[in-house]
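After this come two complexes, each holding subunit A, first together with subunit B and then together with subunit C.
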Partner chain A sequence: MMHIIVSHVSKTIKNNPVIRDISMELHSGVVYGFKGINGSGKTMLMRLICGLIRPTQGEISMNGKILGKDISFPESIGIFLENPAFLDAYSGFQNLKLLASIKSVASDADIRNTLLRVGLDPDSRKNYKKYSLGMKQRLGIAAAVMEKPDIVILDEPTNSLDEGGVNLVKRIVQDEKERGALVIISCHDAEILKGLSDETFLLEQGRLVGHITGGNI
Partner chain B sequence: MTFFKLCKYDLKSGMRRESVKYLVCAILFLGFCVGFIYTKGKGLEARTFGDFLFFITAGMEEYIPMPGNIFMVPALWVLMILAPLYITLYYPFYDLTAYGKNVLINAKSRLAWWLSKCFWAISCVFIYYLLLWGVITLFCVCGGKLSLDISKSLIFRLIPMPSEDFCFTEGDFLQGENFAFQILFMPILIVSALSVMQMTISLIIKPFFSFCISAGILVLSAYYLSPFLLGNYAMSQRSDLLIDNGVHMQTGIIFSLALLTLSCVVGLCIFMRYDILNKEE
Partner chain C sequence: MRSVLFMEIKKAFTNKLFLLSLLTAAAIALYAAVFSILSYYKYTEADLLSASVSGFSLNPELPGTTLFTSWIGADHISPAASLFYLLLPLIAALGYGWSYCSECKSGYIKNVTTRTSKTNYFLSKYIAVFLAGGTVVTVPILLNIMAVAVFIPAIQPDVFYDVYYAAHPWSTLTPLFYAHPVVYMLLKIVTTFIFAGLISEICICISFLSKNKFVSVFTPLFLLLFINYLSNTVNNLPQISPIQFLHTGKIYVSLSVICLEVVLLFAVSFAVTLVRGKKNDIF
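Here is the complex of A and B:
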């Protein structure tokens, strides 16, 4: 079980406040949607939860452990941040294998299954460089979920995806939720977010301006 | 354990990314060696491995500012040192804004990530010099001598006023064991220290500007013969074994190891609180 507490978190970058006094509580088995226009702070808030950036004020704790003090990064997390990048000269399978070699949690079979789940061929020798935007997006999603993490963060996962791809994201989010993961997802499209999230946080200019439970945004 | 896995990852992805630069360097080395044969190496009794290496790492004699004595940057020496510094310049930050973000989160350790990047930078420098040694070996095998001895006549060509101690040594060659560390390992040590320093500075300013700082240190080192300017220790021509007011190798070793350690520790302190953003942010 994962329990995240974001407590009065603010972040200023180059004298520009990007996150202002945000507090929220997040639990396992729930899909949280972050909604807001570009520059509203969705991606920054996700980066704060990932541990990639540190709050200027406030703190984020995960099961009682404070991020940046007790732990550098969440114990078990899979991320997909906007425009994921992989190694150009490697195939999708090789890229995921290299990533998996750091933690040694996912086996070759897990990687193959995950690639199949996102609609990519695990046996394809095609280099990442030759992937279409949609394929790159799918590989990024595969990287986020392949190790079955406790927290899954997906930032604009439906960008560059066709209808089939969007349905695939919906299915993956649902699967992750059923597995018991805490899923955070951001999306421009209100309709898609409505269909995916159990709770939605509305962000505007770095502030949390609304919290909606249920499907209506 | 994580550290070793990250090292393996960095060696794999970093080297692959920089492989073209190494190829360009190998071509440059060929050019330098040919250049040596037709300039300072012309007419030498036997061109040794030590001769080639001494020529490439020589640098310049002490510059004494006075009317009519124009300062000329020792281009070959500066290029030889700037090339590995350029090779190690961008990868850590490219990695951090791309695939490396996932790797860092998977590794869960900023300490291991930073140390592996330091290890990668030092490895890159070492491979660069291995490549240089390889190219020189080729030239020695095809018409030279595989020996670390340095022809005294070459030293006299490069250094107008060597020390008396050197002048009175017997034989046609400066024996390899006296100077091997200077020509083989001092450049590696000094470039490694500069490379990690550059990486640390790049956490604060853009990598290009930290590269400019490294270049500035090298040019200053060429201009002033001073034990406080690290570049002097990488110039074989300024060793106290060859000139009276030269720099002492042991001091250079201590100085470069201290800079390497300090850069590594300061970089780590900065990186522990470093915000990982996209390039444009």
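Here is the complex of A and C:
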């Protein structure tokens, strides 16, 4: 079980406040949606929860452990933030295998299954450089979920995806939720977010302006 | 830590830029070898010609030209050898020095750090960059020595032939050059490896200031050229320019200056990489 407490978190970058006094509680088995226009602070808040950036004020704790003090990163997290980034000269499978070798949690079979789940051929020798935008996006999602992490963070996962790809993201998010993961997702499309998230946080200019439980955004 | 280190080393030694810079450096080093070999045979031919005219000839086994003065690290005549040492900072940087900058820019760093820790990532990156930078410069030097050794005999240098050698009488290690030339050569190769490794670390440090790959790769070259310029403005002092002292021994080289520079480069680059790396946000 994962329990995240975001407590009065603010982040200022070069005297520019990008997150202002945000507090929230997040639990396992729930899909949280972050909604807001560009520059509202969705990605920045996700980065804070990932531990990639540290809050200027406030703190984030995960099962009682404070991020940046007790732990530098969440112990089990899968992220897909902004654009997918992999090594150009490696195939999709090779890229995931290289990343999986760090924690040694996911086996070759797990990687193959994950690639099949996102609609990519695990046996393809095509280099990542030659992937289409949609394929890159799918590989990014695969990297986020292949190790069955406790926390899954997906930032705009439906970008560059066709209708089939969007349905695939919906299915993956549902699967992750059923597995018991805490899922955080951001999306421009209100309809997609409505269908995916159990709770939605509305952000505006770095502030949390609304918290909706249920389907109506 | 071990898994991230293996991953970084694998990435360092299999990337295209590493192979490209290794091949380019090897081509320059082999060209320098060809120059040395041809010079040696020109000398031998001239000797044979003079022998046919006068009936006398020099002993071809005289230590005037030997492997120990003809390999790239001692050859002060070949333009290719000079070019190799002039471009050494760039070759070292192209090995893997650019990788941190590139991973920050692409966002790949996020994939790695969230699976381990910033300390593990930066420590592994530091070691991999060092090894790749050292290897990309040292392997061509070894190729050059192998090529030269096939054609030019490794005759022990003799102090009576000092005018032929690039061994400055004041330099700390000149006695070693005459007494144990192989050890001297090996020591110079190891020093070059260490310097090339540390020079490529400058790229990581620069990447904390600029996320431009071009800036990160070319800064070590310009920095070392600047040091080279400074060192050329002073006389009768030990050489401080790595471009000069890693190349020939014809200039005054002090071992203490080399050690001081190694310690300084290591301390600054290691501290900046670990401290700034741990402190900095990842976007």
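Rule of thumb we're sticking to: the second predicted complex is superposed on the first by the 217 of 217 C-alpha atoms of A that agree within 3 Å, B and C clash if a C-alpha of one lies under 4 Å from a C-alpha of the other, contacts with A are read in each partner's own complex, and residues count from 1 in each chain.
Keep in mind that, in the parts below, contacts are C-beta pairs under 8 Å (C-beta built on N, C-alpha and C of every residue); 3 or more make two chains touch, one makes a residue touch a chain.
Predicted, not measured: the structure shown is a model, and the values here were computed from it.
If you put the two complexes together on subunit A, you find that subunit B and subunit C bump into each other. Contact with both subunit B and subunit C is seen for A:Ser72 once the two complexes are overlaid on the shared chain. In the superposed model, A:Ala85 lies in contact with both subunit B and subunit C. Shared-chain residue A:Ile102: touches subunit B and subunit C both. Residues 47, 50-54, 72-74, 77, 79, 81-87, 89, 98-99, 101-103, 143, 147 of subunit A lie in contact with subunit B in one complex and with subunit C in the other.
Residues of subunit C that touch subunit A in their complex: 3-4, 6-7, 10-11, 14-16, 103, 106-108, 110-119, 281-283.
Across the complex, subunit C is touched by residues 47, 50-54, 72-74, 77, 79, 81-87, 89, 98-99, 101-104, 143, 147 of subunit A. Contact residues on subunit B toward subunit A in their complex (touch as defined above): 2, 5-6, 8-9, 12-13, 16, 97-99, 101-110, 272-273, 275-278, 281. Contact residues on subunit A toward subunit B in their complex (touch as defined above): 13, 47, 50-54, 71-75, 77, 79, 81-87, 89, 95, 98-99, 101-103, 143, 147.
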